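Look for subunit A in each of the two complexes below; its partner is subunit B in the first and subunit C in the second.
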Partner chain A sequence: MTRDWWKHLILILGVIVVIAPFYMMVSYSFKSPGEIDRGEGGFFGRQEMMVDERCVKLRDPSRDDIAAAMDRFPGQTDAAIRTALVAEAEADCSMRPVVFNYSKAFTEAPLLRYLLNGVIVTASIFLIQVVVALPAAYALAKLKFWGRETVFGLVLFCLLIPVHAIALPLYIMLTKLGLTNSYAALVVPWTISVFGIFLMRQFFMTVPDDLIDAARMDGMSELAIVWRVMLPTAVPALMAFAIFSVVAHWNDYFWPRIVISGNRDLFTPPLGLREFKGDADGSFFGPMMATATVIVTPLIVAFLIAQKRFIEGITLSGMK
Partner chain B sequence: MALAETTLPKPTASAASQERRAAWFLTAPALALMVLILLVPVVIAGVLSFTNYSLGNSGFDWVGIKNYDRLFTRSTYEKMFIATFTYVVTVVPISVGLGLGAALLINSLGRFREIYKTIYFLPVMATLLAMAIAWEFMLHPTIGMVNRTLEMGCGTFVESLWPFMAESCAGRFPVWLGDKRYAIWVISFIGIWQGFGFNMVLYLAGLTSVHRELYHAAEMDGAKSAWERFRLVTWPALGPTTVFVVTISCIRAFQVFDTIEAFWPQGGGPNKSTYVMMFAIFEKGVQQNLIGIGSAITMLFLVFVMFLTLIQRWLVERKVHYG
Partner chain C sequence: MAGLKIENITKRFGETDVLKGVSLDIADGEFLSLVGPSGCGKSTLLRIIAGLEEQSSGEIYIGGAPVAGRRAADRNLSMVFQSYALYPHLSVAENIAVPLKMRRLSPLQRLPVLGRFMPGMRHQAAEIGTEITHAAKMLEIAHLLDRKPGQLSGGQRQRVALGRALVRDPTAFLLDEPLSNLDAKLRVQTRAEIAQLHRRLEATFIYVTHDQVEAMTMSDRIAVMMGGRILQCAAPDVVYDDPDTIEVAEFIGSPKINIVPVEVAETGEICLLDRKLDLLAQGRGKGVMSLGLRPEALRLAGEDAPIKGHVVHSENLGAELFVQIDAAGLGHPLTFRAAPRDRQALALGAPVGLAFDAAQALLFGADGLRVRDVRHHLPTQAEVA
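Coming up: the complex of A and B.
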């Protein structure tokens, strides 16, 4: 330990740089605009009551409001009633900065909807990838058929093509089909995972043939063998692939940015955050960072809970 | 179905044909999607790169190699190549080097290994777009944490050691993202920040496969210093990992987009200094509907990426590992 002090020193410096933006993101999501501007308040901010200016402005008393409030403030002038009403509005509109930031994050934009879209898209992508890739991987690993080498060669060739790189022709095809601005556009290009086929094939190669022969003896069809015999053996590999797939598509920004324009109902979390940034003025740093925190948190928490599996899943591609 | 087959006169032949049919039935969906989603688009991009097509027009003209000619003569695209290659050439070696360094340091520790590993891996997991926005605040010229931290160094010995500090303290600190001298380096820095933990984890996995006996053998042969042991044993044993890490870092670096679009939605940075290829494809092809030129960039991009992967496969076939 003592002779390792210099190693810890270097590593801790690294930790500071790595953590800094996370620290700032979470810290800003707690602070009031004033504290952010002046750089005060430590990590949590002072959490003094603050007044939401926009909320007050919205409740700016009109002539009718003043007339309606006449009986509550008997015998007072209009101006005095107005001041009293504004004071009331200010009292109602004041809250702790942390509450302000997070409530704004969810009310200024339909953040829950974005999160739901993220879940729908990542889940559909993963499920379809498995339904398509698993049978193919089984056939390539365990069945003898003419053309097998060619098909596998094609898989190896397709591994060379990153889907992001061919985004433009895919976008043209989807436009021609009238599919842009739909869930289909977000999911379709990712339905085929050549990497998934390759990975599961490698895994299925290690499954003993006896297991499959026994299933055939029992009269199982090949498709039933895939789902009832091979799938259960492949759960660990599939878990790793699930993490790989979900992380990639939850975080993906490039593809949704291309095929979704304008229709907020289809925004994935990164798109929602981007739009938030687009219309935000300076005083909205807090809510924006709250949004960012909300979007980043699910994966980070899952990662902290199941670190080993995550690292396995993400680095999967390196373990051929 | 399988039972019915056994009643047929030539069970072996029919079993084989049955197996063949099942195999095609099982691979057909994957095969169809592979062709439709991966191969057809490449062909489409290839064809359209020789046209002046744009969405909404009924027809198009063949323009020969005009689109490619433009890519190699216009100064905008020269800036695109410079930005892309500067980014790749900066990010790949540094993120691989830091990944290896961190892996070696962490691997040699007795305690706290898991904590470092977890923290360094965080940026890999986090949504890059969200972190880009966080970095944008960090780099804010007046209220950002970076310049505030640097300002603390003003009036101390740091000023005399580091000319940059002396200059900045006398005048003002850089506006980082708005300055064409710094923009591409800031982007590269974020790329490294995000990616080196991934490389570290791959190297840590690689290190577990280096046999202890090799170190003993090297020591017997007179490799006394840590550097000698690294040079003679660790580095060669990590050969396959390095090939893989470098290739995947390159491919990821080529695809940089999120940070650039987040910082400069229009135009690709100050003086187009961060106008990378993915952003160019997006801007030309999708936003400006210049499909021809966008397709030409796409084709060039594919050539780069395929070339890199083929080099990697070739190196792996040659069995770079001596371990």
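Coming up: the complex of A and C.
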């Protein structure tokens, strides 16, 4: 045992605290409601066949159904036919809890549509943020103009404004423009990211002036320098910014909840989670957690892929 | 190709005057070196010529036309930067291609993916490819074309930077200490390559360096710059043999020129260590002046030599020997170039007498300016002592 065991202990405790909610989420998405209620079944649950009560209730045979089923059960009483039909329905509606949870996640609400909305919104936000932030950061870092320090001061100042503080005025402005309940309402307020401008400006400060002058000598315009020289060298910083931006807006519940009311076609994934909250006929934790798992999976996959790019980056070593 | 004319350029950064009225006339096809100590404003002047920095006053003419207000890209100059400044994300071939692409292709043709399908693109791409190969062959980097700058050695990067500047056909080349990051051997080799390149291209070169050996060996003319002024601009041998000021004399030449104080009498007679030299500086009045003696102007002499001292240090370079001699009555040691056969006589601590040709001595006034109207008492070949 090394002398550093206590460091590892602290780190392991930290990991447990961070991982625990995820563990619960994934575990619940596998289990049946009974197991969730009783807190049993380990991680995967026992995966015993279960009957979907709602499904059975929906198929409760009516008088017409029984009459129609007469042919299949010749010479039996109505009560016996009814029992047989209910048994059939129960057989059809029984499934493994994991199948139940995930199929509910996709059928109870249009989850695919929500995921698509999430992709459209986060991608548009990030792209427009980059289109705005890169030239702004370049100007703040590398161009000399009157009032540059003041403008940069304003950028820093804007970093201090919490979004919740300006949510109401933003909402009112969007309403006046008639933009609520549209993709624009989800995207437009976030297109100028002062954090992005600040982050990219700090990175651009480290790019040698000679590189930019060389580009000018080679005949590039200032905008060409931004897209052809600064953007490719800034990929690592851009990836870091992408994480902040995409995670924040993919997971955002607050803002979509405010500007999207009613029109379910515009729901983003977190809004989709609401579909399972406190239904009258019992708790729906299984499908809810399955939905949550489906929502976070794209993020985790994306960042596992991006991880390599993060670490290697493009070094500026070619310049010296 | 065209000449350049720089007229009375000044540059202020805030409160500091970096350039204080620089004028230069550079002929078409000339190789001009700009030398001077660190911080004297060489890079600033070059950047102003390139259009990367704006002068506070003064005018620049390229090929006879004033270029005030013209962007760097439109001046059609080519520059190699002190730090190479290669694009780190592009391969060597792409780095060299950038200036050609930016000038020859339309904005549509430069689009990242679609550009390839624009009309006329295939022909253009082939042409650019040929020129890159040609430049790469000339600089012997053809085998490196697919690498990124990060995977190259300093010398290779420097050649790529040169290649990027050379593929174009600019009015003039501006090179800012392009050899400063190379090791001694590569520096000598690349120095020769650049000189050859100049002969072959017959283009105008302005070459900034603080290494005076580079300047001496490569240039048609040297402009010695100090404190934001050009002190002298002349052919290398003129700058060496006939400097205008004491600063130029001290800056050019390695080891440094020896400066010894001399006294000038009312009559113009000059005395070194109370000994009369056969030099006359008339009409300047009484006072103290400085005499510059190159290490090779000194030679060993016998008992009655004007300068006497002893050896305090010596450096053997094989073909020659530089000996430091502490002479009585002079503040600091003199450097003297001796032949290897004199090694025995120049052991550490040995007493030495030194003499010199009056004709090779350079006289400077108290203000540091050269005093040229000196006369010799005797025929120039005659010797002191």
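Some points to look at:
The definition used in the following text is that the second predicted complex is superposed on the first by the 272 of 320 C-alpha atoms of A that agree within 3 Å, B and C clash if a C-alpha of one lies under 4 Å from a C-alpha of the other, contacts with A are read in each partner's own complex, and residues count from 1 in each chain.
Just so it is clear, contacts are C-beta pairs under 8 Å (C-beta built on N, C-alpha and C of every residue); 3 or more make two chains touch, one makes a residue touch a chain.
What you see is a predicted model, and the numbers here were worked out from it, not measured in a lab.
In the superposed model, A:Pro208 lies in contact with subunit C only, and not with subunit B. Applying the stated contact rule after C-alpha superposition, one finds that A:Arg72 touches neither subunit B nor subunit C.
In the overlay built on the shared chain, the residue A:Asp4 is in contact with subunit B alone; subunit C does not reach it. Applying the stated contact rule after C-alpha superposition, one finds that A:Val229 touches subunit C and leaves subunit B untouched.
When the shared chain is aligned, subunit B comes close enough to touch A:Ile172, but subunit C does not.
Set side by side, subunit B and subunit C differ in how many residues of subunit A they touch, and the one touching more is B. Touch criterion not met for A:Arg54: it reaches neither subunit B nor subunit C.
Counting contacts as defined above, subunit A residues 216, 219-221, 314-315, 317-319 meet subunit B in one complex and subunit C in the other.
Here subunit C touches subunit A in the complex through residues 47, 50, 52, 71-73, 77-79, 81-90, 98-99, 102-103, 148-150, 152, 157, 164, 181, going by the rule given at the top. Of all residues in subunit B, those touching subunit A in their complex are 1-3, 16, 19-20, 22-27, 29-31, 33-34, 37-42, 44-45, 48, 55, 98, 102, 105-106, 108-112, 114, 116-131, 133-135, 137-138, 143, 145, 148, 193, 197-198, 201-202, 205, 241, 244-245, 248, 251, 255, 257-258, 261-262, 265, 278, 281-282, 285-286, 291, 294-295, 298, 301-302, 305-306, 309-310. Put simply, subunit A touches subunit C in their complex at residues 208, 210-211, 213-221, 224, 229, 232-233, 235, 314-320. Interface residues of subunit A facing subunit B in the complex, by the touch rule stated above, are 1, 4, 7-8, 10-11, 14-15, 17-22, 24-25, 28, 36-39, 131-133, 135-136, 138-140, 143-148, 151, 154-155, 158-173, 175, 188-189, 191-192, 194, 197, 216, 219-223, 226, 247, 250-251, 253-254, 257-258, 269-270, 273-274, 277-278, 285, 288-289, 292, 295-296, 299-300, 303-304, 307, 310-311, 314-315, 317-319.
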